[in-house]
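Just below sit the structures, each encoded as structure tokens.
Shared between the two complexes below is subunit A, which pairs with subunit B and subunit C, respectively.
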Partner chain A sequence: MSDTRTATQVPAWRVALAAVGKSAPVFLVLLILIAWITYLNPRFIEPSFFLNFLRRSAPLMILAAGQLFVVVSGGFDLSQGSLVTLTVLAGALLAFGDPANTWWVILVLYGIGLLVGVFNGAVTSYLRVPSFITTLGMLLTLKGLALLITGGAPRGALPPNFRAFGRAFIEDVPLLGRLPWAVIVLFVLSALFVYLFHYTVLGKQALAIGDNQRAAALAGIHVPRVRITAFVMSSLSAVTAGIMLGGFSGVSINVGDGLELEAISAVVLGGAALLGGRGNMPAALAGALTLQALFTLLNFLGLPSPIRVTVQGAIIIGAVGYAAWRAVRAGQERGA
Partner chain B sequence: MLRPIRILLALIIAAAMTAAFAQTSEFFNEADLIRDLGYMEMEAEGPADQPWIQAIDPTYIETTQYAKEGPWTVCFSNAGVNNPWRVVGFTTMEAEVDLHPNIGRFIHIDAEGSDNKQISDINGLLASGDCDILIVSPNTTAALTPVVETACEQLPVIVFDRGVNTDCPVSFITPIGGYAFGAVAANFIVDELPEGGNVLALRILPGVDVLEFRWSGAERIFEEAGINVVGAEFTEGSTANTKSIVEDYLQRFGNIDAIWMDAGATAVAAIEAFEDFGAPYPIITGEDQQDFLLKWRDEGLTAIAPTFPTYQWRTPIIAAEMILTGQPVPERWTLPQPHITAENLDRYIQPNMPLLHYALCGCEDMPGFPERWGGR
Partner chain C sequence: MSAITAPTGRRARRWRVPIIWWLLLATFLIAWLLVSLYGRGNFVATSTLLNIVERATALGIVAVGQTFAILVGSLDLSVAYLISVTAVMASFIMQGDPSRVPLALAVVTAIGLTVGLLNGLLVTKARINPLIATLGMGLILRGLLNASFQNFAGSVPESFQVLAYGSVGPVPVPLLLFAAVVAAGALVLARTRFGAHIYAVGGDRATARLSGIRSDRIVIGAHMVASFAAVITGLYLASRLRSGAPWIGPDGVYDLESIAAVVVGGTVLAGGRGGVLGTIAGVLIFAILDVMFNQLGIGSYTKQVLRGLIIIAAVAIYAYRSREVVG
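Up next, the complex of A and B:
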């Protein structure tokens, strides 16, 4: 019994909850999902299990972070998934299982990512091709390229030190147990992404372009440069995700299939407006984690696959619908 | 306000469940299962070192009416070259074509996994009038049946790999099939599984006949033996999905004793999930892909690999030559379907080949081996 408070005082937990809910409902959904999984399997929140869950989520979180730059500036990057595939297949072909090759191969892969991003951004900016079309073309080009260099049957292999980023653990860490490399990479990159998005001019300019491109240009923002940078962020994050996914699960020709849509879903779950101008990096990262938690929950519930797909779709529509409803209501309250 | 949504959700779930369960039963045929399991015990006719020209229990039919002066144009409508199995198979087929000087032209059209494209591909080939014979690897069974029937009226047709619902083709070439594939793997697990052990089944997709046969062949054996199958999951052929699913099951059950797979492409990912989790290796069934065979040998796994041999891609070209020279061919050309066990494992390991190469290509003596298949 709290005797110091009056009856009209709002309990602290409700204030906290309201704050979380207001910043983005995705955190609340994430908490509910994690609580639900934990209820089904209490070991889930043991440090080593939870870290493993983060490890598995890392590629999608990184993809979503990169995608956010493009989405807030009013575009889409549909080429992420096939760039992931190309990264894995080209990585295996170039490295051919020899650990001595890992470092220059990674440099080459980032070089490819840089070119893809610059190309996507430049075509979208200077030729005024909608990003949907540009990156769809890029998706097909990269997919074709991946099949071309491998003849459809992947060759070579990823050496162990390449795979370490997605697969290796640091054993016997105090309190945590086994700490996956992927989680360390994830934390470092998340910090970097939050910094770039919220504390540098890049994130603000991207938001401004997505909100009103003409106004942004009149305000002195070099629109093509910002847009190209946003696409480069997206491509580089796809290469990073490719390196981690190749590490996590090895070489396969369909490793990147559909990832671009998962990344866009994650960003939208994180409350970003699909036509640009609104978005938040921690929420986008949480959106990716939520999606992954959802997949895990459906695994734990043991639902047959078709139901899983249906529920996944329903929840995404629900989240977007809820965000839209909130936006409308907020507009009404302001008297708009 | 919430009630209609709940009802709607329940209806969607019910519909999805009905669909999921309806799909499994549609593909089961007890007579075929018994026939195929019988084939596994039978001796194939023909030279044992060339299984691609062997046939099990064949009924030959006359083809003199199709005999024709060479050089011929052989046309091939291919469902797709969209996975490593089909790449190895198609490379082998092209090499086989090179062995037949009487085949003047080989026209290959890739349907890229689309029924519609394949139907128009075949119509295009028929309209061109260039083909002396047509080979079809159908994308799906029902959709391609009518156009294959049309083709049969105009020229000799050979169907292989997947089937069609008509017996109008001169020859249908297939390994023994999915029931035997699934049953070999399931029987191995039943024999090896410790008392009370549990099994996780990993499948690619629902609704594809070849894969459904494999699962129904296994499912019955598990049922009859009273095996505890803790789950049958769809991986969509993705290694990352496979690894995540296996990790989730390991968390849920603490231990998984055996993994049954309807295709081997993600077997290594499943094994790695056990390694990363720190769990002992399961009994596992894979396929004849090099990465799995290497892992099997290096870790001394308890494993078996049923196969859907890629050497079946040689047979249609051989059959085409037989038909165009008027030699009798088996109407249903059932190829032997070996499986790899611990005893013969070393014979199939080829360190010079790509990790996703299929060992049973029957291509080792062909011109251009191993470079043509990506080996060194």
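Up next, the complex of A and C:
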């Protein structure tokens, strides 16, 4: 990967910028989609509307950021969606609507996320179970666990200060109007994710493992540790997304269904190569935003919701096909 | 491992029983013991055994097809919705009229083979990762299906329900169907050129191509087999439910569960090693556990938790023995 090779001479921010440039298509697509939505509904780019759009995109963007760590290291995390469901259901059950409980409940939820990530990473690394199977098993287990502790229907409630992360606003911000908490959280976390992925050794080691695990190990990388860290990043992001989704869509038993595949799609739209070795954080975040913009556009176009699913499928295939075609044209062997 | 599962290893199989069969035997004995001690009903009764096979039939048939896709180093996530499309289209076309059965069969077979062909083309010619290609195909099918049908559509005639409820002498037709699909799958893999090429392409696509195998065609063929197996499962489910509904495929989680069964059965996710018989052992293990949990009175949610952990544990046993680096 050329961006890791040149890392020693060029400042890191230029490396990040170059990486963004290389995966420009996703940003272009995002701009086109936003322009199209704005054409249909000019109020879309008014600050309050656009901030609301970002708020709705925040959970998927955070999921995609976490998923990226796993994908570039050559794995999948299919358990994200179930972990979101477990977070929401367990959160409601533990807090039971009492604001005094919020903080320790959030701590417990992150603790669960940490355990799930360590388990996924350790089983994949030490027992050599393909991550697809490990996290698929985890998907079933976590969903079953969520249903088991609640008895199959949502019980309890999320207290208002818990839900604030998803639904509260800061009123009367100059220029912007109502500023959602979720957007602030999103920006802080995005900055953190970009920092972790592009400015620390973690991102580079994850990329190296995904590119060639054996070479990475010979170069002195502690492969299991990096892989476990990647899965932990993914799980913690799922807990975060769960807390947000619990905030604005409330408690339901299928809140997380299918989110893992949306996150993987977002990461791939952002130019990451499945099976590892390529990917960058701004593009993955943009990929998630693009997917959300696409949903919004299809909504504005008034298509019946089943057709939206079909279009989504066609666009994911098209985007990845385009990336693969570009890769072939550029003379690389690795498809997207 | 490879000596057991490679197509040339038929002789070796006589000497070493693949570990999955030991696992199957152990599962059966443990289930028998637990049900005898704590459960209700007799575990080795004919009715229980038939119940196990009946539960295994739908998943088993689609898993045989999935084995082909995984053996060439691909996989198919679109089978769940293809099952739904098949069941709904078949019962919609039949409308309870026996004379329309051949037409329905022709249409759903054509749809299935087309989907398989498209999956194969996307994976080979467009070089799209199979996970994304078949996921996208599944979404396309799901959207088209849900846009057209919201509920049970049409019905299948009495004569077609024989597929699920009939019996030849003492043997139920589903068991025969299941056995026929397994035999056909095993025979194709072990005795035909196509089967040998599947192992070659799955083992190393570049080497296979350099040896003169048109690997793209083999991958496309394997995807068409996977889709065709999903069509058979769809027809079986339509026959059993007496009609087709859009949710029967995704509700059975046939996409992920069939992949899990294949991998539990010892087929390597990266392709090239494994086979249909292992897959069937995997499917039977799932079915035995299902029946055991029922007879022990374990709730469906606990069942799901245990099933997830069992999938991980079963694959771990394999992966640990094969000492290979996996992703």
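Criterion: the second predicted complex is superposed on the first by the 308 of 336 C-alpha atoms of A that agree within 3 Å, B and C clash if a C-alpha of one lies under 4 Å from a C-alpha of the other, contacts with A are read in each partner's own complex, and residues count from 1 in each chain.
Basically, contacts are C-beta pairs under 8 Å (C-beta built on N, C-alpha and C of every residue); 3 or more make two chains touch, one makes a residue touch a chain.
Just so we're clear, the structure is a prediction, and the values are computed from it rather than from any experiment.
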So, does A:203 touch the first partner subunit B, the second partner subunit C, both, or neither?
neither
Based on the superposed arrangement, let me know which partner A:321 touches: subunit B (first), subunit C (second), both, or neither?
second
In the overlaid three-chain picture, which partner chain does A:252 touch, first (subunit B) or second (subunit C), both, or neither?
first
Just to be sure I read the superposition right, which of the two partners does A:129 touch: subunit B = first, subunit C = second, or both, or neither?
second
Looking at the overlay, what does A:299 touch: subunit B (first), subunit C (second), both, or neither?
first
Please indicate which partner A:41 is in contact with in the superposed arrangement: first for subunit B, second for subunit C, both, or neither.
first
Could you tell me if A:287 is touching subunit B, subunit C, both of them or neither one (first, second, both, neither)?
neither
Output check: A:25 vs subunit B and subunit C. Expected answer is one of first, second, both, neither. What do you get?
neither
Dominant contact partner of subunit A by residue count, subunit C or subunit B
C
Looking at the overlay, does A:148 come into contact with subunit B only (first), subunit C only (second), both, or neither?
second
On subunit A, the residue positions that both subunit B and subunit C contact, one per complex:
152, 304, 306-307, 310-311, 314
Residue ranges of subunit A in contact with subunit C within the complex
74-76, 78, 123-124, 127-134, 136-145, 147-148, 152, 213-214, 261, 264-265, 268, 274-276, 304, 306-314, 316-317, 320-321, 324-325, 327-328, 335-336
Under the stated contact criterion, what part of subunit B meets subunit A in this complex?
9, 12-13, 16-17, 19-20, 81-84, 86-88, 91, 206, 231, 233-234, 236-240, 242-245, 247-249, 251-252, 265-266, 268-269, 272, 276, 291, 354-357, 373-374
With touch defined as at the start, can you tell me which subunit C residues reach subunit A in the complex?
122, 126-129, 131-133, 135-140, 142-147, 256, 259-260, 263, 269, 299, 301-312, 315-316, 319-320, 322-327
For the complex, which residues does subunit A have touching subunit B?
41, 43-44, 49, 52, 56, 59, 151-157, 167, 169, 245, 248-255, 257, 295-296, 299-300, 302, 304-307, 310-311, 314
